[in-house]
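Both complexes shown next keep chain A, but they swap its partner, so chain B is in the first and chain C is in the second.
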Partner chain A sequence: MSLLSVRNLLSVRDLSVGYESPGAVAVPAVKGVSFELAQGEFVGLVGESGSGKSTLGLAITRLAKAPARITGGSILFDGTDIAALSAENLRSQRRGGFAMVPQSGMNSLNPVRTVRDHFYDIFRAHGHVSVHDRLTRARELVGKVELPATVLDRYPGELSGGMRQRATIALALSLEPRLMVFDEPTTALDVLVQQAVMATIRQLQKAENFTAVLISHDLGIVLETTQRVMVMHDGAIVEDAPSRDILLRPQHEYTRMLLSHYGDPRADVVSVPGIESRAPEAGSAATASRPTRSAREGRAALETLVVDGVSKVYPRPRRGEQPVTAVNDVSFSLEPGQSMALVGASGSGKSTIAKLITGVERPTSGSIVFGDLRVDAIRRRDLKRLHREVQMVFQDPYTALNPLHSVEYILTRPVLNYSTLRGADARRRVLELLDTVGLTPVEQFAAKLPHQLSGGQRQRVVIARALASDPQVIIADEPVSMLDVSLRAGVLALLENLRQTFGVSMLYITHDLLSARLVTDQIMVLNRGSVVESGETSSVLRNPRDEYTIRLLDAVPNPGRADVA
Partner chain B sequence: MTDTTIKKTFASRRGTAPLLMLGRAFAALWSSGKARIGLVILGLFVLVAIFAPLLAPYSATDNSFTRGDSGSPAHLLGTTGAGEDVLSQLLYGTRISLFVGIAAGTLATLVAVLVGLSWGYARTLVGDVINFVVNLFLVIPALPLMIVIAAYLHDGGIGMIVLVVVITGWATGARVLRSQTQTLRSRDFVTAAVFSGESSARVVFREILPNMTSLIAGSFLASAVGAILGEAGLEFLGLGDVNTVSWGTMLFWAQNSNAMLTGQWVLLFAPGLCIALLAASLALINFGVDGLSNPRLREGATR
Partner chain C sequence: MNFVLKKVGLLLLTLWAAITLNFLLPRLMPGSPADAAIAKLAQSGPVSASVQAAIKAQLGVPTGNIWEQYVSYLGNLAHFDFGVSFTFFPQSVSSLISAALPWTIVLVGVVTIVSFVCGTLLGVLAAWKRGTWLDTLPTVGGAFVSGFPYFWTALLLLFFLGYVAGLFPRSGAYGATVTPNFSIEFFGDALYHSILPALTILITSLGGWVLGMRNNMINTLGEDYVTFAEANGLKPKTVALRYAARNALLPNLTAFGLALGAVVGGSLLVERVFNYPGLGYLLYNAVTNQDYPLMQALFLMITVSVLLANFIVDILYGALDPRTRR
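Let's turn to the complex of A and B:
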């Protein structure tokens, strides 16, 4: 038995994978990687986007497709080099061999077939389950991922994201794999659901004793789950050590950088690199040192945004269903220069509130007042006046910029629309905006098209566009959730810095309590459209009273927690 | 940076942009093998249309030759029953087909773009009215309507034919473009443009429209093919001006003089083949339009 447990199930030697498209230079994604996986081990593979972690995961399960190609090295799975296997041998190897739960696993089910059909397809292809045992086996498999047997008769569209991801895991299990690769299995899921799915994966791995690789960008989740962690950076494994050592004695600079971006939102003092620590009493500091802005000359004085008893009810989606109450009797006011967090899981109504405040949608009842504007009943021609003062930073920087317009065009438009600057003056203002958000050299960035920019750079352009009208209020809807951990701090620090320099007030919408703790003074916790808790960010998060807030806090991945407990 | 250099970069950028875009569009089309064949065939027809007077051995309306000649060194494709040179008629006829194709295609696309985009973007009652009108045009059988309108505006010439083709051809394009506008309308960058203070017209034509270039190009090519075929059909039925020289009227006169019975199959075959080739060239170009609105595809696959 002890001999078996030390035996290596997978042994990767000098593996290189490159992307080769015709007419372009080959791009190496994985560069000479070597590692061993023992039977029954749970290993994490951590890295940021572009580090090659998914490419490596696809390569060791031989799922890599053109233009990706294994350019060198060997992958020994139980003594066989699978890098050189033929397609048919590979197919039969999949049973009792290696399986993968893909990144968008929840979308990898065929929408026109029931979950049962998916299982039967696999049983038929491998013939390892006799025809009359099929139903029993399928029931057993969905039971393992804690789904009721009734899901077998459902279509994927009838299941929630978490249920679909569980079904995908059960499908991967149906071939009794000895190696399972989970590629970001919970990235697209809500925080609370993510926690539950990860718990299932952990239990499953213990019970079935398969070897597992968890690929993730989130070091917190990986450290909570796995025994050993491999950190990937730029196509190479820079650190490979037991989870405890990674947490307590990180060797590589890159690992240390990743670790430094985690923290406990409940701690007394929270800081990450690039953002100054906030003292518990920081609430009053920002309002006390409100700067005067020269750019605001001749414009209306700073106004308070008052939201009073606002509800939004959407008509029932289908006959026989109840109307959806997205926002239920929410009241708050956003003072000039204040920063307020709006937190909650998906479906809690945070984004609907953003739409109501910006006049995109109208509330069913209640009033929203900004200065002399009644936002809840705003007329079309007043919208421009509102948007001059209330601007928005979008969640996904990849869809918020028109792919066909240059950065200069994108920033010039609001400058022309909202100011009297023209020609060379307008251009100077555009370059100044780029400089404000730290995109230098400005001349170069002005000429670029969105696809030539990284995610973090795009988000800076989005922020610059929001600043172009010199607004009083910025609504940031999950501005960093699509960005890599190392870029998040930079964008958050920028928002915080802008708020302090220009006296802009900010409504920060997020599900990430750590970032809320870092950049806001006030917080409102939303659950199913209602405010369940509000107050000063530091005191609410340190002494949460509502059960929902506590659940949200518990769901924050924290590398230190497993150790402390 | 000084004012003058700023102005200079501004001016130079404005001057080159449209040319650059045209060049890029052409390069995107050229990079597809099928579209390249289509472009070559279309190019040949355009050259023939421009240089018809130089290429044609005789005038197209000169009927002083032996009637019903079935091919000789002086008349390579023979002469018609009225004594005109077939090759000259064929070369001159290119002008009409090409003109009708481009003019009717452009006009039908223009109507489709204007209707489809405003209809897709606006969320008002006007939408229901447009919906009714478009559906009306979609369910009316095109050929009978064309015949009725053409018969009503009898002998209106080429302009009439263009008008008839546009009236019957814009609705499909409008519906396709409306669907795409509705998908694009909810994208973040469109919402962002509204936040940037852009007017509705600007949002529609500067943010949404450029992202539909390939759809619009496809819609134009389909309308042009429809127009070329429609024109030939109407003229063949004798509903156009029978005195103009076009491929359609050539077919009309060939049918009238019973060309098949007299063994002069070339009279029907030659214009028929030209119509088919021209329509096919446009259809082939349609294969290459996918790369038009994706800047990443344009730059030659860097990722």
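Let's turn to the complex of A and C:
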């Protein structure tokens, strides 16, 4: 045992963590987990939400707070059991010991203190950098994460998400840690920024040679980055193997399931479980063979949405700044029954286009026509007609449903609002909607409140709500980005299925090129409000011509790339 | 700097609006104090023209058109000339106010600040030691006493501490035997007289600050930056004060601004119960005696003090929260 602890920086034995609440049985989140980390190793910890990976990450850095409690086992860091350390010992151990870059690092900085103050607070707490050297040291540290020294005088609110995350990493680095735990360090960031921050983390780990743990729900990122991967499921580590083996010879069924949801959007044939591959040539065919009107009992989309030369300019945010052009001269038409992807990084104007089409905002110039409605200059009384035909599915299913109302109530509102059905007929329609989105048994789901549903089930309710008015067009704004990988395919398959059976048109807004490839025929790539490339999804993604499209494609986490690394 | 200038500009604008409204409102009301007085007299018999003229002259019925009135009103304001009180005739309104103002400012102002500071500190402590007796005692106690109506608390204190136990004087701001001057004896006596009213205000306001701060603090303790500060091994005191409390304080400042603004007008019942010669007592007298000039001046004082308090809090906000400084 003593031999082991010399070689290994961290050894976790039989660790269990439970969430305790008074008067109830403790809920175990981590169940008897054991693993070792060798000095200088970069290990990934992968799992879906609720797998216990974050709880484990907090436990091994001794940050687990009530109601979470370590219920058993030991955490040997360099030979000492940190699970048993006193508070003050633990605090001083944090320098030269274990550091943590927390989840959604965007909020890890105190909004009322400058970045410099954050560094000085740490130096003061541990006394490892003298007052004389602290400015030089702080500059050096922000330099390491590729930030200019001027950020030291900034408040967190004045930095972009990527810069904040880099500052957070620099702060954790200032502790001169031997072990660094990154808990979903890039989840809230834009794809391109995410890629750059991950590159910095990889470089730092090589240069500083600290031991690192990368906690993530994204197997792609983890395989790209780490040497070894631990897969966590339901509180236990189900597979622990070198990254290459995980990729090429996954042993556990759960690992295989996670892997199966990755794919290269550039490949000739792409498929994930539940969604059949779209043959490269099928794009136009699918549009041509859309259901006839009778097939949908008169409910199929009939009208084309025409967006012509639309721009949206927001007034300058502050004096002395330039007005913001969110959308710049965008034109396209969404044919009945067609599905089109609108892709781009955050700030590219995709969500603004959704707001313009739904009449929430008005374009500065250009026209949007749907049937006989001029959406760009719509009048109040026509809005209801527009919303009957054009419905939204929102990004975050956790905030899109009123937590106080039952599913039945949530779905009954639009049915009463947009149809003449009343009483028992309306109820029958609600149950039918639930059946359509696959929430069965329908009676049971109708009675539930949103918090009793999982993320995927909530998103199905959101989709059912959008279908209640029998719309011709559905605008899905990142409908799966908040969901676990294994649930994404189901929701995407549902959207695709609805389009095929009911003939609704779909505008699919996303930054995720793989899902765009799976469920759309046409694609438009947006960069800073302008369309840089458009065409058939399969041909654009297989043979991208614009540099920005290529960068987006390169940023897609790809387990296969671990081979190259 | 730009931020402060902007706030000063806003303050001046709202001040002007308040002053102008104070000028317009009485003129929009039908009738005048003189009409009311004449009508009252008329019930007991005919009022001669000379008596009517005398009443109008005494009550200062304005002459000239509205613009001239407005200009002379502004001129009078600049000299703090609010006219003559009806109730305390022939004392001027400004002399009454300047006599009452120090008592209120010192008593209510100081107690409000002390209450805010103590309540906030207790709230921080309660949240930091959540679940221990340091949490339970201030939280439950605060919720309990803040439910008391303050005039009732005043009566209880007056009865038990003032009357039954006889520990404290029951009325007034200083004893009948001392003369107001800058002597230690006078200050000691004034302090002695202020204890019961101060205690009343403290007891009834403290709980609110404790609860508000505790709840804000518990929210900020769950923020990522607090976890991150702990992960970086900062000292517990730094985490509690500079990270959690500092941010938890911000929403409470707004409430503090309102409380500070209410100092001038809000102590009415306490001052009434203890016969304390402050602005609240003066306002009570003005309202019960329909003393229009005094009321108008006091309302203006209250408005201006609310505006000033909010201005101070705005500036404080700017100093404490970089996000508002834009």
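Methods note: the second predicted complex is superposed on the first by the 547 of 565 C-alpha atoms of A that agree within 3 Å, B and C clash if a C-alpha of one lies under 4 Å from a C-alpha of the other, contacts with A are read in each partner's own complex, and residues count from 1 in each chain.
In this section, contacts are C-beta pairs under 8 Å (C-beta built on N, C-alpha and C of every residue); 3 or more make two chains touch, one makes a residue touch a chain.
All values reported here derive from a predicted model rather than from experimental measurement.
Contacts of A:A99 after superposition: chain C is touched, whereas chain B is not reached.
By the touch criterion stated above, A:T399 is placed in contact with chain B alone, chain C being left untouched. By the document's definition of touching, of the two partners only chain B reaches A:P414; chain C does not.
By the touch criterion defined above, A:G127 lies against neither chain B nor chain C after alignment on the C-alpha atoms of chain A.
When the two structures are aligned on the shared chain, A:V462 is found in touch with chain B, with no touch to chain C.
After overlaying the two complexes on the shared chain, residue contacts for A:P315 are found with neither chain B nor chain C. Interface of chain B with chain A (complex): residues 1, 3, 6-7, 10, 187-189, 191-198, 207, 210-211, 293-296, 300-302. Residue ranges of chain A in contact with chain B, taken from their complex: 21-24, 358, 360, 383-384, 387-388, 391-392, 394-396, 399-405, 413-414, 417-418, 423-424, 427-428, 443, 449, 451, 462, 465-466, 468-469. Remark: chain A residues 61, 63, 65, 87, 91-95, 99-100, 102-105, 107-114, 121-122, 124-126, 155, 157-158, 168, 171-172, 174-175, 318 touch chain C in the complex. Residues 223-225, 227-236, 238, 242-243, 246-247, 250, 320-323, 326 of chain C are the ones that touch chain A when the two sit in their complex.
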